[in-house]
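Same chain, two partners: chain A is paired with chain B first, then with chain C.
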Partner chain A sequence: MFDLILLISLLLISFAILVALYRVYKGPSMPDRIIALDSIGINLIALIAVFSIYMRSTAYLEAILLLGILAFIGTIAFSKFIERGVAIERKHD
Partner chain B sequence: MSWVHLMIVLPLLFAVLIPLLYKAFPRIHTGWFVLVVPVVIFGYLATYLPMLANGETALYEIPWIPYLDINFTVFVDGLGLIFALIISGIGALVIIYSIYYLSKAREALHNFYVYLMMFMGAMLGVVLSDNMIVLYLFWELTSISSFLLIAYWYQRKQSRFGAQKAMLITVLGGFAMLASIIMIHNITGTFSIREVIAQSDLLVQHDLFLPAMLLLLLGAFTKSAQFPFHIWLPDAMEAPTPISAYLHSATMVKAGIYLVARFTPAFGGTPEWFWIVTFVGLFTLIWGSLNAVKQRDLKGLLAFSTISQLGLIMSLLGMGSAALYFNPGDQGVQLHAYAVLAAVFHLINHSTFKGSLFMVVGIVDHETGTRDMRKLGGLMTIMPVSFTLAVIGSLSMAGLPPFNGFISKEMFFTGTLNAANLDIFNMATYGAIIPIVAWVASVFTFIYSIILVYRTFLGKYQPERLEKKAHEAPLGMLIPPSILGFLVLAIFFFPNVIGDYALKPMVASIIPSAAGVFDDYTISWWHGFVPELFMTMAVVALGLILFATLNRWIGLYNHMPQWMHLNNWFKHGLSGMERGSHKVIDWHMTGYIRDYLMYIFITIILIVGGSYFMLNDFTLYTDNLASINLFEIVLALVLLGSTVLVMATRSRLTAVVSVGVLGYVVALFFIILRAPDLALTQLAIETVSVALYLLCFYHLPKLKGRGEEEGEKFKVGNFIIALGIGSLVTLLALSVNGYNLFEPISTYYGDSYDLAGAANMVNAILADFRAFDTFLEIFVVAIAALGVYALVRLRLEKRGGTDESQ
Partner chain C sequence: MNESMIEIIVSILVLIGVALALISAFGLIRLPDVYTRSHAATKSATLGVLVTIIGAFLFFGLSEGVYSVRLILGIVFVFLTAPVAGHLICRAAYRSGVSLAEESVQDDLEPILGSEEERRAHNKERHHRSS
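After this line comes the complex of A and B, so read on.
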C-alpha cells in the first residue's frame, strides 16, 4: 500500500516534469523557460527523494543536495545573464 | 667467408674511401685509385677459369639471416663467372676511359666513382649470388646506382627525366621479380637457385608456375630493355658516355639476360617459357633495329641497337630452352643448346663491340661537341684511330667477317633455322617466321651499322657546324676502345679459346643436360657453303641497296602512326595516373567533416552490420529481462521527447536546453538503476557542460541571411544513415544481452570492505582495485584544462593585440 502511494506520487511528479518541459519548449519568453527549468530541478529533487524512500536507501541524499545547489546556481546564473548579458563579471581595473 | 665474397663487397667498401681520396689528393684524378679495384677483381676471378673449363663449380656461404633461409651464398659457375669477368674487365676499361673523359676540374668526380663502385659491387652480387633474396637486394642496388648515374648531371632536365623513367620501369620489374621469388619460395621451400633448379619438375607442375614465371620475366624484360619496356634505355643516354658504355650496353642491361639464363634450367623446357622469351626477344630485335635506323643522335642509335641486340640474345635463350625438353643424350639437346651457345657467344661479343662503339661515340662527342649525325661527317682523316675502331665495332655489329659479330650472327641464324624445324610446342605451324624475322632484323642492323660509320666519318667535313675544332682524342681515351677492338678481332681469329674457357661452362650452366655435348665442338668462322652464309650474303646485298636508297624511304618513318610511339604511352600513362589520382582525391577528400563522418558511419554499417547479418547472429533472449515500472516508461518518454526535440527544433537554444534535459533524465535513470555516484557526477557534469554550450551559443556569429532560429534542413541520406546506425547498435545491444558466457567478476568486488576497507564499492574500484585508470583519467582532465588555458591565453602576436586589452 505504501509502495503504491509512492509509485503514484512518482508518476505525478513525472507528469509535472513533462508539463514543465512543455513550458520549456513553448516559451514564449526566456524567463518562462528558466522558471520552467527551475521547477523541473525542484521536481527532480522531489522525485529522487520519493524514489530513495521507495528504494529504502539513503545513498541518494547527496544527489538531492547537489541538485538543490545546482538548480539554485543555474537559475541565478541564467537570471544574471538575462539581466546583464554576462554570467561572470570581470573585475574592473 | 671467401675471397669471392670479398671481391663482391670490395667495390662497396672502396666506395666509402673514394670521397676521402678525392679530398686528400686533389691533384691526382680520382679514377686512378678506383682503377685498382676492377683490376684486382678481374685478376682474382680469372684464376677460376681453368677450374670451370674442367666442368667444376664452387660454392661459398656466409650465413646472414639463417632462420629465414637468407644467406650470402656465392656460386661460381660458368654463367656467373663470365658475367663477373665482363663486369670487372669492362669496368676497368671504362674507368680508364672516364679518367680522360671526365674533367678533373669541372666534374664532381667523387660522386661519379662512388656511384660507379656501388654499381659494380651490386652487379657482381647479382651475377654471383645463389640466394634469390640476396640477388634481389643487389638487383635493386643496380637500379638505384643506375638512377644516380643517369642523373649525374642533375642540373639538366633531360637527365632527371631519363633517370626517373629508368627508375620507375626497372623498379616496377624489380618488384615483380620479388613477388616471383616469394612464389618460387612457396613452391619449393628454398631461396637457393641451385635447389630451385633441382626441383624444376615440382615447379613447372605447380599452379603458381605461370604467375611466377611471368613476374620473373617481367623483372628480366624491364631490366634488359625488352619490348615494350625498352623505352627507358634511349632516355638513359643522358648519362655520361662511360656510363652508357658500361651500364647501358655491357652490364646492367644484361642483368635481365643473366636472370633468364639463370632460371632457364628451372622454367625452361615448357612451351610458355619458350614462346614468351623467344617472341619477346624477336620482336625487340626487329623493333630495335627498325627504330635505330631513324635515329639522328649517335647515342640514340646505339641505344636502339643495344635494345635490338639484347632482343637477339634473349630470343636465342628462348630457342635454346627447347633443349631442356629433350632427355639428356638426345640429338635434340645439342641441336637446340646450340642456340644457347650462340646466345652466350653473342653476349660476350656484344659487350666488346658495343662498349668500344660507345667509347668511340663519346670521343666524337668530346672532340667535336656534338653527337648529331646531321652535323658530323668527314672525320676519317682527322680522327683515324677512332675511325678504325668505329669500323671494327660497326662491322662486327653488322655481322661481317673478320669480326666476332660475324661468327655469332652465323650461329644466330643456325639457331633460328634449328628452331624453325622444331617439332614441339606447335612450332611446325609458325616456326618459319623466326628465321625471316631474324633475317629482316639483320638487314636493318646492317643498315644502321653502315649509317653510324658513314654519317660520322665519311662524307663532307662541316667545321662551321661543329662547336669545337675536331681533332683526335688523347691516347688514354683511345686505349680502352682499342683493347675492346683488339678483342673483337682476337675472338674472331681464336674463337675456341673463349669457347673452351667461357662459352662451354656457360652453356653447361644454362642447359645442364648439355654439359659435355659441345666438348668436341670447335667454333670456326668458316663452315662451308651453308644456308647461313647465303643469308649473310643476302643481308649485305639488300642492306647495301637499301642504304644507297636510304633518302628515298627514310621518310616512311614520319608516317609511323602516333600510337606506335611508346614514349607517348608512358608519358600519357604517367600524367593520366597523376590526373586520375588527383580526381580521386578531389572527389572523396572534400575537406568537410560531414562527408568523412558519412564514410565512417557507412563503413561501420557495412562491415559491422554486414558481418552481423551474414553470420546471422541476431538473438533475443527474454529470460533474464527485468520487469518494467511505469515511471521508467514515463522517464523513457521524456528521454525520447527531448531527443526528438533536439533534432526537430529550429532554435539552437532549445536544442541546448533539451540536451540538458537529456542529461538530467540520464541521471534519473542512474538513480533508478541504483548508481548514486554516477548520478551525482552526471548531474554536476551535465550542468557544467550545458553552461559551456550556452557560452558557445552566446558567442556564435550572426549568420548572414539566416536567422539563428533557422535549423538544419532535412536530408534523406543523413536520415537513412542515422537510422541505420541506430538500429544496428540497438540490435547489437539486444543480441549481446543474450550472451552470458562467463560469470561476472563483480562478486569479487562485493567484498570490497574486507579487501580494501571500503564500504563504497564503486569508489573502491576507482581508487583501489583499478586505480591506474583513474590516474590516467585525472591526467586527461589535467591536459584538457591546460589545453583550454593555452587556447584561451596564447594568441598569435598579430591577432592578440586587441584581445589582450580586454
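After this line comes the complex of A and C, so read on.
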C-alpha cells in the first residue's frame, strides 16, 4: 500500500513536470519560460525525495541539495541576463 | 513508533506535497500573465516540496534512525531561495516590459518606471550597449 502511494505520487509529480514543460514550450515571453524551468527544478527535488523513500536509500539525498543550488543559480543568471543583457558584470576601465 | 504508523504519517505528508505541486502546475497553465503565474510557481510549489522533504526526513529518521543533515540543509536552502528567485524573475519581467493581463485594473509602478513601450525600448538599448 505504501509503495503504491509512493508510485502514484511519482507519477503525479512527473505529470506536474510535463505540464511545466508545456509552459516552457508555449510561454509567450522569456520570463514565462524561466518561471516554468524554475518550477521544474523544484518539482525535481520533490521527485528525488519521493524516489529515495521508495528505494529506502539515503544515497540520493546529495542530489537534492545540488539540484536546489543549481536551479537557484540558473534562475538568477537568466533573470539578470533579461534585465541587464549580461549574466556576469565586469567593471569597465 | 511502529512501522505502519510511520508509513501513514509519511504518506499523508507526501500526498499533501504532491497535491500542492499539482495545484501549482495547473496554475502555471491556467493563469493569464507572468505575474500571476509566478504566484502559482513559487508559493505553492515551494510549500509542496518542503512538505515532501519533511516527509522524507521523518521517514529516514523514524524508520532507520538516520537524521540526515543534508535534508535539513535542503529544506533551509529551498525555503530561502525560492522566494528570492521568484522576486528576481518578476522584477526582470516588469523591467523588460512584459505586458500585464487585460483583466488587470491597477499598475502602481507605471508612473515611476514608465509605460510598457518605454521600458521595452530602454531595455533594448541597455542590451545593445552591454553587448
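Here is the rule we use: the second predicted complex is superposed on the first by the 92 of 93 C-alpha atoms of A that agree within 3 Å, B and C clash if a C-alpha of one lies under 4 Å from a C-alpha of the other, contacts with A are read in each partner's own complex, and residues count from 1 in each chain.
Heads up, the rule we're going with is that a residue touches a chain if its C-beta (ideal position, glycine included) is under 8 Å from a C-beta of that chain, and two chains touch if they have at least 3 such contacts.
None of these values were measured; they are calculated from a predicted model.
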| item | value |
| --- | --- |
| Touching partner for A:Pro31 - first (chain B), second (chain C), both, neither | second |
| A:Ser14 touches, of chain B and chain C: first, second, both or neither? | first |
| Which of chain B and chain C A:Ala49 touches, first, second, both or neither | second |
| Contacts of A:Gly68 with chain B and chain C, given as first, second, both or neither | second |
| First, second, both or neither for A:Ile76, with chain B first and chain C second | second |
| Chain A residues touched - chain C or chain B, whichever exceeds | C |
| Chain B and chain C contact sites that coincide on chain A, given as residue numbers | 15, 17, 52, 62 |
| Residue ranges of chain B touching chain A (in the complex, touch as defined) | 629-631, 634-635, 637-638, 641-642, 645, 649, 654, 657, 660-661, 664, 667-668, 671-672, 674, 676, 679-680, 683-684, 687, 691, 694 |
| Sites on chain A touched by chain B in the complex | 7, 10-11, 14-15, 17-18, 21, 24-25, 33, 37, 40, 44, 47-48, 51-52, 55, 57, 59-60, 62-63, 66-67, 70, 73-74, 77, 81, 87 |
| Residues of chain A defined as touching chain C within the complex | 1-2, 5-6, 9, 12-13, 15-17, 19-20, 22-23, 29-32, 34-36, 38-39, 42-43, 45-46, 49-50, 52-53, 56, 58, 61-62, 64-65, 68-69, 71-72, 75-76, 78-80, 82-86 |
| Touch list for chain C against partner chain A, complex | 7, 10-11, 14-15, 17-18, 21-22, 24-26, 28-29, 34, 37-38, 41-42, 45-46, 48-49, 52-53, 55-56, 59-60, 64, 66, 68, 70-71, 73-74, 77-78, 81-82, 84-86, 88-93, 95-96, 98, 123, 126-131 |
